[in-house]
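Below you'll find the structure, written out as structure tokens, and then a few comments.
Chain lettering (A, B, C and D) follows the sequence in which the chains are written, and residue indices restart at 1 in each chain.
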Amino acid sequence: MARFTIGVVVGSVRKGSINQKLAEGLMKLGGPDAEFRQLKIDDLPMFNQDLEAEPPASVERFRNEIRAADGLLFVTPEYNRSVTPLLLNALSWGSRPYGHNSFAGKPGAIVGTSAGVIRTAAAQAHLRTLLGVLDIRLIVQPEAYVHFTDDLIGPDGAIADEKQHDFLKKKIGKFIDWVAVVAAARKAA
Amino acid sequence: MARFTIGVVVGSVRKGSINQKLAEGLMKLGGPDAEFRQLKIDDLPMFNQDLEAEPPASVERFRNEIRAADGLLFVTPEYNRSVTPLLLNALSWGSRPYGHNSFAGKPGAIVGTSAGVIRTAAAQAHLRTLLGVLDIRLIVQPEAYVHFTDDLIGPDGAIADEKQHDFLKKKIGKFIDWVAVVAAARKAA
Amino acid sequence: MARFTIGVVVGSVRKGSINQKLAEGLMKLGGPDAEFRQLKIDDLPMFNQDLEAEPPASVERFRNEIRAADGLLFVTPEYNRSVTPLLLNALSWGSRPYGHNSFAGKPGAIVGTSAGVIRTAAAQAHLRTLLGVLDIRLIVQPEAYVHFTDDLIGPDGAIADEKQHDFLKKKIGKFIDWVAVVAAARKAA
Amino acid sequence: MARFTIGVVVGSVRKGSINQKLAEGLMKLGGPDAEFRQLKIDDLPMFNQDLEAEPPASVERFRNEIRAADGLLFVTPEYNRSVTPLLLNALSWGSRPYGHNSFAGKPGAIVGTSAGVIRTAAAQAHLRTLLGVLDIRLIVQPEAYVHFTDDLIGPDGAIADEKQHDFLKKKIGKFIDWVAVVAAARKAA
């Protein structure tokens, strides 16, 4: 049994999403210590405080999945130099209701990919400050601004580009070490 | 007939939204030069590129309303130190499809209110950088971080607090002057 | 005589600065309408409110140069995903003393170059929100994230890469059009 | 002997700085587990890569002090909705030279005070994303946007306002717990 469960939140659900492809590649890099579970976010309604009294089942499921995770990996596209509405919406639901933030204290990390020149750098900058406010304990380094090309992912869904593979394996390894640090402290407390 | 049409985008639609109340108060401050029209955004689906080929009617309506406006006033709550998913979603739809950004070149301004201590300051900081990327020509000063209290809005929906009224009238006046500058240049071009 | 004076602020003064080289290339792209003047910022002391009562001559000179400019072009490196201390310091001095912001109402634009993968994207995101607060009227599009390579600048200091040259000429042209819009309105007021 | 040494970095050195006063008050709240040491930053020269080959003694001292600290507390004013040039400059020096970032892996927290309405909220938002990039492991909650009034600090330099005192004691307590988590992991590694 894996020591840690990592919830994976992907900011795009369009067909052929390159961040979804990257996420699937990343989930193969954890080794025996980590079990990755992608959290479904596209059935959450648009956040509206009026829905909070009786939230739909999708909201409860999402919150429970966050709470069950030992760490959270965010895989983000960049829209207009920020995160997607889909991702921001998931963050809103998970942080609420007031005083019951499901994200509190969880270790987190960010990766993003784009075929464009700045490689989600502005989206990640914004996401860093957002996740901190949600009381997620981020490990930012090494930053992962992944350039998407047709060769990045192989036919088996694994990261095929050797240089990217090695870098991202190191990134995920450092993140899992960080999950271990924070999870151990949570258990002790 | 008013010289300028100002589209108003409000980041919250919950019942009793304080930013909706503020927006209604602001729309009374324009004088004869400006006609305010609130743009409906809560019937836009969650943005997904797969919907772009055949977007729902609400999307077309929203884009047409943006294009018809001489200026855009954003009234924003703050969620988790950023804008609401609802507002970010409207920005995504308006900016697309690629190469057909409805916001391009429009003069814009931001106001926000909160009952909390930082008064939407972090949301506005993020929104400034977002709107610039959408090619909205912002006038930021004077910044309007409105503290919401029960006395802010009177029973007639107007801004009742005298100090806030005078400040916000000045803010809206400066924004309309700015709309005139940018609109004149657009006509000349 | 050129119609507009454009003050150029470069965020690095190290020997061989690639942003300085880019700035020199950009200053050749203005055509007859624009005269570029680089503003010296490396003789400004570190900002400290205690120095405000009797600021050194360099501060007065810098403020006068800003006031004399019809527009401001910022050429920024990226340090640790933000602007340089040198640039932030210049912004502080120019914005003060309280109530006497030299930047107020000036049209502005941003360009940046880096040899790294994200091409100053995070620095520019931060600078956008900063400059708005200083009451600079930004035109953000087209965004200019310039990849620096040895071929970018020719031996004569001009932008040698043809694709970059054409793109940046368009960027500068749009900026000068924008300066014209804002400057005309300022004269009329 | 205290278990942890906390380096305190204050973003202003003007006479009568309210953030300096707050920092002194905060340093009394640590209890027996923490020894606070303010790190001097106003003798660092303006960062310039040309100085890196032979940095002045002040730079070496600052870097050694960071390395010696078990945690870092940042007390920040807000200038133009961002941090001060003085603080950004200290971050630059500490993060360099390339590959030798003194901040790497240190637990950190942010507090700020202002007499104005938004209470350093925008400065802290920017600082959060900056510190993450420096590989500082931040604990953001509870956020501390301290309203400065004449009654905040007593004649003995302690935090006199009872409500603020209790809140900030809790903030510092949570930070020290966080320092313990990260420091234990560093020792184990």
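Throughout what follows, a residue touches a chain if its C-beta (ideal position, glycine included) is under 8 Å from a C-beta of that chain, and two chains touch if they have at least 3 such contacts.
What you are looking at is a predicted structure, and each value in this text was computed from that prediction instead of being measured.
Chain pair with the larger contact count among B-D and A-D is A-D, by C-beta pairs in contact.
Farthest chain from chain D (centres taken as the mean of C-alpha atoms): B.
As a whole-number value, the distance joining the C-alpha centres of chain B and chain D reads 36 Å. Each chain gets a centre from the mean of its Cα atoms; for chain A and chain B, those two points are 30 Å apart. Annotation: 28 Å between the Cα-based centres of chain A and chain D. Under the contact definition stated at the top, the residues of chain D that touch 2 or more other chains are 81, 125-126, 129, 133.
Chain C meets chain A in the complex at residues 81, 117-119, 121-122, 124-126, 145, 147. The touching residues of chain D, counted against chain A in their complex, run 104, 125-126, 128-129, 132-133, 135, 137-141, 143, 177, 180-182, 184-185, 189. Chain D contributes residues 12-15, 42, 46-50, 79-86, 88-89, 91-92, 95, 126, 129-130, 133-134 to its touches with chain C in the complex.
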